[in-house]
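You will see chain A twice below: alongside chain B first, and alongside chain C after that.
Coming up: the complex of A and B.
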C-alpha cells in the first residue's frame, strides 16, 4: 500500500480539501496573470456569491432538517394524525423535482422584484438560498430520523430514559451531536455540492431564458449567470474547436479564460466535494 | 402495499385538484389583467389625432403627459410602454394570426403538451434504464477493483516512479501509458461531473446537440448523476461485504477471488446475476441491490431535474422543459402549472412502480 496510515494522504477528505483550495488558488493566480481585470473581478464576485449562497443553503438545510427530523420523531409517538399529515406534506414536497421547486422560487423572486421587495443583492441571494434549502433539506431530515431510529433500538437509550434524562436531550446531545456528527458532516458536504449544482443551473437557465421585465443586472452575479454571459458561452464553445484543431488548445488558457475558469470552478468544485464526501465515508466507515 | 398506493393516489388527487383550482384561478386572473390593461390605455388609443406609429406623435404625446402629470413621470413612461406593447401584440401575437392559438391553456395547447409529455416520458424511461444499468456496472467495477486492492491510476504512477532501476525505454513507455491513462480518467471525471450545459456548449460547434440521441447520452453521463449513483451502490456493496454472513461464507469455502476474468467474469458488469452461485459476490450483490432499490426514487427525481435542465439550458424547442420556460417567460402560468402537474405525475408514477418493485423483491427476500 502506498497510503501510509496517519499521513495526510491516508485522510482522503483532508487531502481533497487541500487539493480543492489549492486548485482554486492556482486558478486565481493564473486568472490574475492572464485574465483582464474587469472579468477577473466578475469571476471573483461570482465565486464569492455562489459560495455565500451555498453556505447559507447548508446552514438552512441543517436547521430545517434537524428541526423537522426531531419534530417528526416526537409527533410519531405523541400525535399520530399530525405525524401522518406532516409526512404526507413532506412526501408531496419531495415529489416535486428540485429544479421545478427552485424555478418556482425564482418566479416568486421576480414577482417580489417587480413590486420593489427584496431589492438588495444580499436579500436576493438569501431568498435563492432559502428556496434551494427547501428542496434539499429532506435529505438531512431522513438522516436525522435514521440515526434516531438506529439508536432508539439500543439499550443505552432506554437506560438513559430510565435515569430520568429527557428524551430531547438524549436525541440532540447524545445521538445527534455526539454520535452522528460525521454522518451529518458527510451529508452537508453532499448538500453543498447539490446546492452549487442547482444554483449554477438555475442561474444559467434564468440568465439564458427568463426575466425580460426584471433586468438581469438586478440579480447578483453567480457562477451560473456568469457562465450564461455571451463572452463565457463563446469561451466554452471554443473548447469544441480543439476537436478540429488541436493546436488551438493554447488559446483556451490565455484567450478564453473567463468562461473556462467559470466552468472549471464549477466542475472542479463538484469533483472535489465528491472526493471529500467519499473520503469522509471511508474514514468514518459511514 | 395498499397503504403506500393509497398515499400515492391521495397525493396525486390532492395535488392535481390544488393545481386545477390554481389553473382556473390564473385563467380568470389573466382575463382580468388583460381587461385592466386594455381599460387603462383604451382612452388614449381612441384619440384619432394621434398616430402612435409616428415617432413625432409619440414624442409629443410623451411630452404632453409629462406636462399634465409632472409628478408621475415613471407612470407616464410605463403608460407609453403599455401602449407600445399593445400595438406590437397586434402584429406579433399568435392569437391574431390565422390558425394561431389563444393565450393560455386552450384545447390545441393541451394536445400539443400531451405530445411533448409523451416524448419526455419516452426519453425519461430510456435514460432511467440506461443510467441504472450503467451506474450498477460502474459500481461493480469499483467494488471489484477495491476488493482486488487494485491501485488507482494516480497510485500506479507513484508506484511505477518508485520502481525498478536502471530505467530503460520500456519503463518510459509504461510511464507514458500510465500518464495517458490518468489523463483519460481525469477527463472522464470532468465529463461525469460537468453540468449538461457545459458539455453541450463545449461540443456544440461540432455536433447537433438538439437530437434525441444526444439528449439521452447527456442525460445519462452528465450532471454527476451516473457517478453519484454508482458511488451509492458501491457503498451498499462495500457495507454488505463487511457483514458477518459474508465472512462465514468465505470460511465455508465460497469463492471470494476478485480477479477479473477468473473469480469475477467480465460479463458480471452487465449481468451481475450471472456470476456463479458459488461466488460470494453473487450474494453480496443481491442483498445490496435489495437495499439500493428504494433509493431509485431519488435517482428518478434527480434524473428529471437533469433532463429539464438540459431542455431549458440548451433551448431545445418543442420539448417540455423549453415549453415550461417559455410559458413562465410570457407569464402564461396556467400552461406552466399544467406542465408542472404532468412532471409531478411522472415522479409519482415512478414512485409507485418502485414501491411495487421493492415490495415484490422484499417478498422474495423474506421467502414469502
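Coming up: the complex of A and C.
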C-alpha cells in the first residue's frame, strides 16, 4: 500500500507517540478505576518523578553535548594542547560504564544525604539527573562533532566563511540548528529512553540500601524504586502463577496492578521510544 | 512542418516540479532549448522521451496519465529509433563494461563502426592517426569516477548518439519517428570539441533532417552556428524556457538578441591609472598539494608574471579543465593551506605563513570574498532566501526593503514575501546562482573572486550580472573571473587582463 507522506499512519514517529500517550492514558484510567488509592498516588508520583528526571537529563545532555562539541571543534583548530587534554578527560569519563558512573553518583548522593545536604526531593531528583546526564551527554557531543565535521567539508561552509559570516554562527545556526535538528531530536529520544533504563536499573540495584542510614525510602519515589518495593515484586511474581493456572490471569489486572502497571509503564515506554526513534530515522532519512 | 505541442505536468507527492503548457518542437528540425538551470528542461525532455518512472513521479502528458502516453505507438517508436544523451555521463556509463563494449551494446551493435567518429572527436592538436590511437586505447577502459575524464565520457556518449543517428537515418528517410535529445552535451567540452560535435551532428542533419532537441546553457552555440553553419540557420530554432508569474512558458529566442548584446559588450582596453597600486597582487609562483602553480601572460606558459587586479578592473584566469583554477582561488581566499604563496591585498602582505585569524578578522567578507562555482553547494539548502543575507559583515541591518532592492538587480518580479521565505532547496539552479552572486556582491569587499559565475544562468540573468558587475567596477572594486564560457569572458575582460594558470608536478 502506498501511503501519502505526512499522514499520521505513514509517520511512524507520530503514530508511536500517539500510541505511547494513548497507552499511558488508558493505563491511568484503568489504574484509577481498579488500583487502590495510595498505590495509585504512588504510581502517579513515580511516573511524574521519572519523567521529570529524564526530561532534565535530556536538557542537560543537550546543553553539555552541544557546548562540549563546539568547544572541542574550536579547541582543535585554535589550541591543540588544551584540545588533547579535554579529549583525554572526556575519554576517561566515557571509559566508565554508564551504570557504574550512575552508581558512583548515587554513592555521592548518599554521602550528601548523610551530611544533611540535598534534603529536598527536587534537589535529589536534580542530582540524579545530573549524574545520568554526565554519563550519557557524550553521545550528543559525538553527534554534534560528527555534524560539524560533515558540514565543514561542504562548500557552503567555506562559501559562508568567505562572505565573512562568523564560524560560530555557521556552526550553531546553519549546521546544528537548520541541518541537524532531526538528528538531535532522534538522539534525545534515545537519551530519554537510556535515562529511564539507567534510572530504573540503578533504583532497582540500590533497593538493597546504600548505607545504614540511607535507603530507597530516603529518595524520591521513581518507577525503578516503586518496582523494587516488595508489593510490586510480588505483583510481578504473580505473573508466574498464570503458568500453573491460566484462569488467574484476571487477577493480574485487578489485584496485582501496582507492580504490573509500573513494569508496563517502563517496558511500554522503552518500546514506544524505540519505535519513535526508528520512525524519526526513517522519516528524516537519518 | 509538423509541430507537436505538449502539456506536461510532473509532480512528486504534492509538490509540482514542472507544469508547462504548449511545449512545442518541430519534427525534422533542431530545437536548441535554453533556460536557467533547474527550471525543468531535462525533466520535461525525459518525460517526453518516456524515461521517467511512473512509480516515482506523478506525470501527465497532454492531460493523459503517463502510462497511456508511454503506450502511444509514436512514443514506443521514439524509444526504438532514438537516443538520449544524458547531462551527467558518469552516472550513465556502467563500470562493469569497457567503453568499447558499451559503444556496441544493444541496438548499437547493428550501427556502422565508430572509428571515423571517434577519430574526429579525439583530434585536437595531434595528428588524426595519433587521435585514433588515443581513442582506441581508451575504449578498453572500464569507466571509473575519475577515468576517463568528464570530457572523454561526454564525447563517448556523443559517439553513441552519432552512431545511432547513422543507423536510423535510413528509417528517418522512410518517415519513421526519431528523436535525438542532447541534454547539455557540451557541458564538459572546450570550444574546440563542442564545435567538432556540432559539425558532426549538423553534417548528418544536412544529409537528412531528423528531430533534435538540444538542451544547453551555452549561448555561444548561437555564434558558432551563425558563423560556421549559416546554411542550416533556417532549420535550427532557438527557444527559451522561462518562469513567469503565469508559470513556465516556452518562448522563441532570437539568436541576434544574444549576438547583438555580445557585440555591444566589447570592452575597451583598460588604461591603468597613474600612481594606482593594485588592489590584489599574487606572486606568479605558488605551491599546493605538491604541485607548482604558475601565473603567466601567455597560454604557452611563457611570460611568467604576478596576477594583478587594479581598482575597477576585471581580470580573467584561464586554464584547461582540472588544472586547478578553483583550487588557486580558494588558496587566495585562504580556504586551503598552501605550501608556498604570497600576495599583497590592499597594501597588506599575506602569505602561507599568515595566521588564520588574519583571514577571519580582516579579509573574509571585508577585503575579499568569493562566489563559488556550484550554487547548489554554496548555499545552505535549509535556509530561507532572506536568511542567506543574515550574519554578513555589513554595517546596515538587512531590512526586507533593502533586500528586495538588492535582489531586484538580479531577480525581477519574483520578490514576493513568499519568495523571500522560500527555502533554498526549492529554488531552481539559476535562482540559486543569482542568490549566490547577490550574497557576495552585497558585501563591500575590494576584491571579488568569481568562479564560474554564469553557470546555469539564462540570457536575461547573464545580462543582469553584466550590468551589476559594470556598476561595481565604477565603485572601484576589482574582480578575478574564472569562466569556461570564453565568448562571454572575451566580452567582459580585455585581452591585456587575461592570465593563464599552469600547474606542474615538480620533478
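Basically, the second predicted complex is superposed on the first by the 277 of 286 C-alpha atoms of A that agree within 3 Å, B and C clash if a C-alpha of one lies under 4 Å from a C-alpha of the other, contacts with A are read in each partner's own complex, and residues count from 1 in each chain.
Everything below uses one rule, namely that a contact is a pair of C-beta atoms (placed from the backbone, for glycine too) under 8 Å apart; a residue touches a chain by one contact, two chains touch by 3 or more.
These figures come from a predicted structure and were not determined experimentally.
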{"item": "Clash-or-fit label for the pair chain B, chain C on chain A", "value": "fit"}
{"item": "Which of chain B and chain C A:99 touches, first, second, both or neither", "value": "first"}
{"item": "Touching partner for A:158 - first (chain B), second (chain C), both, neither", "value": "second"}
{"item": "Where the C-alpha centre of chain A sits as vertex, the angle toward chain B and chain C in the overlay (nearest 10 degrees)", "value": "110"}
{"item": "Greater residue coverage of chain A in the superposed arrangement, chain B or chain C", "value": "B"}
{"item": "Chain B versus chain C as contact partner of A:227, first or second or both or neither", "value": "first"}
{"item": "Partner chain in contact with A:77 - chain B first, chain C second, else both or neither", "value": "second"}
{"item": "Partner chain(s) touched by A:178 [first = chain B, second = chain C, both, neither]", "value": "second"}
{"item": "Contacts of A:169 with chain B and chain C, given as first, second, both or neither", "value": "second"}
{"item": "Partner chain in contact with A:240 - chain B first, chain C second, else both or neither", "value": "first"}
{"item": "Where chain B and chain C come nearest after superposition, their Cα distance in Å", "value": "6"}
{"item": "Common interface positions of chain A, toward chain B and toward chain C", "value": "none"}
{"item": "Sites on chain B touched by chain A in the complex", "value": "7, 10-11, 14-15, 149, 151, 155, 158-159, 189-190, 193-195, 197-198, 201-206, 223-224, 227-228, 231, 235, 301-302, 304-305, 308-309, 312-313, 315, 324-326, 328-329, 340, 343-344, 347-348, 351"}
{"item": "Touching residues on chain A, where the partner in the complex is chain B", "value": "1-3, 88, 91-92, 94-100, 103-104, 107, 193, 197-198, 200-201, 204-205, 208-212, 227, 233, 236-237, 239-241, 243-244, 263, 266-267, 270-271, 274, 278, 281"}
{"item": "Chain A partner contacts - residues on chain C that touch it in the complex", "value": "13-14, 330, 333, 335, 356, 360, 364-366, 368-370, 372, 374, 377-380, 382-383, 391-393, 436, 439-440, 443"}
{"item": "Chain C-touching residues of chain A, taken from the complex the two chains share", "value": "4-6, 77, 154-156, 158-167, 169-170, 173-174, 178-179"}
